[in-house]
Amino acid sequence: MKKLRYAGVLTAVALALTTTAGCGGEKVGAEKPAAGGKDCGTFNLTVSPWVGYEANAAVVAYVATKELGCKVVKKNLKEEIAWQGFSTGEVDVNLENWGHEDLKKKYITTDKVAVEAGSTGVKGVIGWYVPPWMAAKYPDITDWKNLNKYAAVFKTSESGGKGQLLDGDPSYVTNDEALVKNLALNYKVVQSGSETALIQAFRDAEKNKRPLLAYFYEPQWFFNEVKLVKIDLPAYKAGCDAVPAKIACDYPPYDLDKIVSKKFADSGSPAYDLVKNFQWTNEDQNTVARMIAVDKLTPDQAAEKWVKDNQSKVNAWLGK
Amino acid sequence: MAAITSDVEVEVRRPRRSVVVGVLLVVWVAAYFVLRGIDTLVLGGQETTPLHRWLTDHRDDVGQGNVFFEAIRIVVDHFVVLLQNVISQPSFDRPVPVIGWLGVVAISAYCAWAFGNWKVAVLTAAGLGFVGLQGLWQESMDTLALTVAAVLLSLLFAIPLGIWAGLSNRAFRVATLVLDLMQTLPTFVYLAPLTLFFAIGPAAATIATLIYAAPPAVRLTAHAIRSVPPESVEAARSLGSTRGQTLLKVLLPMSRSTVVVGINQTIMAALSMVTVAALIDAPGLGQTVLKALQTLDVGVAFNAGLAIVVIAIVLDRVTTAAGDRPWRTASLRRKVLLGAGALAVLVAVWFSRTYVWAAEFPSDANVGSRIAVVATDVTNWVQDVFGGFTYGVRDAVTIGLLNPLEALLTGSPWWLVSAVVVALAAVLGGWRGAVPAAVCLVLLVATGVWQDSMVTLASTLLATVVVVAVGLALGVWSGRNRRVDTWIRPVLDAGQTMPPFVYLVPFLALFGTSRFTAIAAAVVFAVPVTTKIVADGIKAVPVATVEAANSVGSSAWQVISKVQLPVARRAITLAVNQGLIYVLSMVVVGGLVGAGALGYDVAAGFAQSELYGKGLAAGLAIVLLGVMLDRITQAAARRTQNFQNRGDMR
Amino acid sequence: MTAQLEYPDIQDSDALLSVQGLWKVFGPKAQRVPRRPELAALDRTELYAKTGCTAAVRDLSFDVAPGEVFVVMGLSGSGKSTLVRCLTRLIEPTAGGLFFEGEDLRAADEKRLRALRRSKFSMVFQHFGLLPHRKVIDNVSYGLEIRGESKPDRRRRAQEVIDLVGLAGNEHLYPEQLSGGMQQRVGLARALANDPDVLLFDEPFSALDPLIRREMQTEVVRLHREVGKTMVFITHDLSEALKLGDRILLMRDGAAVQLGTGDELVGAPADDYVREFVRDVQRADVLTLRWIARRPRDGEPLDGPELGPDVLVREATRLVLEADRPVKVVSNGTLLGVIGDEEILAVVADN
């Protein structure tokens, strides 16, 4: 009985609300969205899971939509899967590729489903880093030759009595195990397993003055928060990384580049020219990444802001 | 009388078994010190075996272009997109979905009322409203659409399969094996190939979710069919029912409530895949979580995680209420009210199609960002206050327990470990334990990731022991105390459905990158399910049995240890099994926070094409560990049970 | 199957249901147990130890006459339920013959069997076996529904049997809303609904309170009188067996121990097991004068009152004790024996 009454009251209230309060207000469809797409059409843009990439994607998507009237479909994909997407036709553009020589070989050389579209202008640096407080306290730590001296400092529960060298995201091929061995360092490589874990470790290390030596890379939005200090490994010379097991030198500098699907490159779309011409600097990318990661702007807002301040660069991409 | 004899029986046997186990362990430790470092089958991070390379080369063989997969893809894609058009995405040339928020809330609440009761209807409306206020309406609807699609498709297969496994013993045995595989094989192993077969898009995400989510529905349907009282089936047969009639008119209706529990579990499992599926572009809340984690924004991630939890709780309560509905058909009054309600729903749907305020969730409440801020503050506070202490705990456990165990497993020759494990299995579970253990160990060696398997095994054992201990304690507590139960349930639901990614960051802050962090995360994830099953088992102990124990003056502890736990033995065996499976399903997540070993191998296989084969092998190794541990515990449980039964027969 | 055993030709007998050398063995390779004499001879524990099999029914033979109430009795685990299920092949017998109205049931295929179950046999179960998701009336009409009768027909028929078993007014309740006794009435009604020739009862009243049980027993007696069905009635309760049964088969570990009328069992137990079984029975209520009459002693006066041999002791007690000379037991004019005070008292005081 009680249950029935409740239910009755509820329906009555619902009906009353909808009929009285409801009948006013703006109608759906009163304002139609602007119909886009001149001659540009649609392209699929993969978005890799790091903020620097998102900055690239934000700006290119913004310019393509606003200036060229394209429709951009962003797909959030891990790199490996994005590469696969070139072959299934579901990805057209990758705006920041870190090396991946094996994948280039497979999809560009062998399968011929993708082509390179030039550098993004952003320089990638990979190496070993320590938090700034350590560099200040132990000024000589940045030379790899002194690392063994500090091995005991870096000991943790995971490193089995040696110093700990924390490695990163499993996406990256690292030479760290070979480096440790070939440079005769008294360290053990411990897998952090993810970028999140790596950043959290550095954040904690700087805040609580804990020692940490870890694999890291630039550009990375986290440098806006903590300026990590790079360890100088034996300098990279061309060919010194030819045999993986014998590597005893630093990582090469990466020229981050763009990859597009063959189909997209041949389509003659103005968006392809935009992607091809797109080039900026580490600072540019950091600026946009910072707006997204720290200031919490949406990618579109961040892109809009940056484009307003850098119209000349954008014009260059558009060939104006 | 029977109970007493059985106790004696067990007591006589137990010391003997434990002595044998003790001797075995001592021999093992002694042998370890002699043989340390021999035949440990180490394989470095980037190293692979021929098997791994072969797997890598043949990854795409089944692959794309297959008409069969293509057909499935098209159907599933269309289905999901249809659902999205209806509730989440702008569609049919309108800037809003077919049904706006008001309509969705009205329909959901109405269904909850019709299938459940008015209480869950109110909960549904409140839950959905809350998600909207969090500023996550569209994301939530995307998640809901995907979940609903995955669950419906799961059921399409799971229920017939479950019926089959319920009717045939052989099918049951095969099904159990396959389901174990589906539940323990890490999603990461099949995520990338799935995008190859089914292309990037809703289909792949739905099917990945389906693979993980279908097993509970199969299991529970089979269980339900098997638990229909035999007399009712016999009665139907004795009246000359055909098989089909027996199935449709007796077995299925009578299994309804248990099947609903299975559906409920499937929904939960599907929701727990939301974030993982986001890695292959599944739309919805998972994306929000992943995006937030790129910048370690715990607050935003928590907000989205909370929305998942809220949706999960709503779906759970509604399905539970639907399963518990009595058989009675609706009274006339209820029918009239249901009709009136339907009318109101139609009005609401019309509004949500016509007016903007009813179509797009009002965005000025900003509850979401406030939740995010609070969550961030709380996390920071916890980190600041407990930070030092937690590192101490970690080091103590790692050095005192984990490292010795791991050293023993990884430092001994593989054949020594295998011999000891098989011997232990034989002592504890007879041949039923020993044979599967031996087979699994041989296959483990074949996967080429023996050493990593041993590292993972050490962590898994430790985590499972903690999970079972905590789960038993909490389960008994809430099984005996109704109030505790009501309070603890939502927390457990949250623990089960909150994406682990959300609490990984605070855990990393508390414990650093380490195996201990992975163990802690696995415990948080696995304790809820263990607790629930134990609590249900304890609650199912007949009142009369407990009263009988109380009437002879047993203390609370005696009632628990001598009556409730033994009677709930089957539930506890199941709880241990599920605890183990949940711990294993967190191995990959553990790999993301420093556990290394198999979890890392799988993640690396997902991320680096040349390591794919190794990742797959590592995934299979996780399955093998799971099957092995499960079979040993089941066999051991069955043996103890047999002693008891024999006692009963006297 | 049972080639080594010889049985009289079934066609000659007027039995409705005939069981010949029936075996049911549970366990691995059950077939070999009845076939191999050395296995068939083993007792329960030995058989289990040797083969892992349990012989729930061993080599049973009996006939059930039309209209008879045939009771099977035995302790729990003696194989009664298995036996009664074998009769309609709900459980497949391992060996032996099974005939209904001369038809070989073991040769019947699935379809024929279903047809028989739909029209000739019905069963009532210990725990009722009702369908909780159906109302009383839908439970009762289940058998009619599956044989494809129209809804009005089955409603009408269901209503008839519901009235017959005294459930009128409860048609639209669900089983869980009824007491145990009422639920079993539903079970009974369901069994009667398709108007079977044979009703099989598997301990139908064991789960009921004693009071209800007695009521239900009376109900069965009434129904038997009214509808006159043949019944096979399983029970572990001797008084129930004596109350209902025309003949009683006493089973032990799957085998028959004795088959006879109630007073035969009580009056002439076949062995100590049966004697022990019937020890606590109210013998005066079961035994007839036939069982206690003795030969007249020399010089005893034979001019006392006359009684028939089938008169119960209880009924004769007063007359015998009041008479000052022995009572004569006479059947068709022949003197079977006499009964004095001491014979009567031996039976009555025994309790």
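Chains: A, B and C, in written order; residue numbering restarts at 1 for each.
Methods note: a residue touches a chain if its C-beta (ideal position, glycine included) is under 8 Å from a C-beta of that chain, and two chains touch if they have at least 3 such contacts.
On a predicted model such as this, the values are computed, not experimentally measured, just so you know.
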Note to self: What's the contact topology between the chains, one of line, ring, star, complete, other?
What the structure shows: line
Margin query: Using the touch rule stated at the top, which two chains are linked by the largest number of C-beta contacts?
Written below: A-B
Next item on the list: Between chain B and chain C, tell me the centre distance in angstrom, where each centre is the average of that chain's C-alpha atoms.
Entry: 52
Checklist line | CA centroid of chain A to CA centroid of chain B, Å | finding: 31
Note to self: What's the distance between the Cα centroids of chain A and chain C, rounded to whole Å?
What the structure shows: 83
Margin query: By the touch rule stated above, which residues of chain C touch at least two different other chains?
Written below: none
Notebook entry, point to check: What part of chain B is in contact with chain A in the complex they form?
Noted result: 44-46, 64, 94-96, 100, 102, 106, 113, 117-118, 121-122, 191-192, 195-196, 199-201, 278-281, 287, 290-291, 293-297, 333-334, 337, 340-341, 343-344, 347-348, 351, 353-359, 387, 394-395, 398-399, 403, 504-505, 508-509, 512-516, 590-596, 599-600, 603-604, 606-610
Notebook entry, point to check: Hey, which residues of chain A end up touching chain B in the complex?
Noted result: 3-4, 6-8, 10-11, 14-15, 18-19, 22, 24-33, 49-51, 54, 75-81, 83-85, 87-88, 90-91, 102-103, 106, 156-158, 166, 169-171, 173, 177, 189-201, 203-204, 208, 221, 244, 292-294, 296
Next item on the list: Note which residues of chain C are touching chain B in the complex, please.
Entry: 85, 88, 90, 113-119, 121-123, 125-134, 142-143, 145-147, 174, 176, 187, 190, 194, 200
Margin query: Can you tell me which positions in chain B touch chain C when the two form their complex?
Written below: 229, 231-242, 245, 249-250, 253-254, 256, 326-328
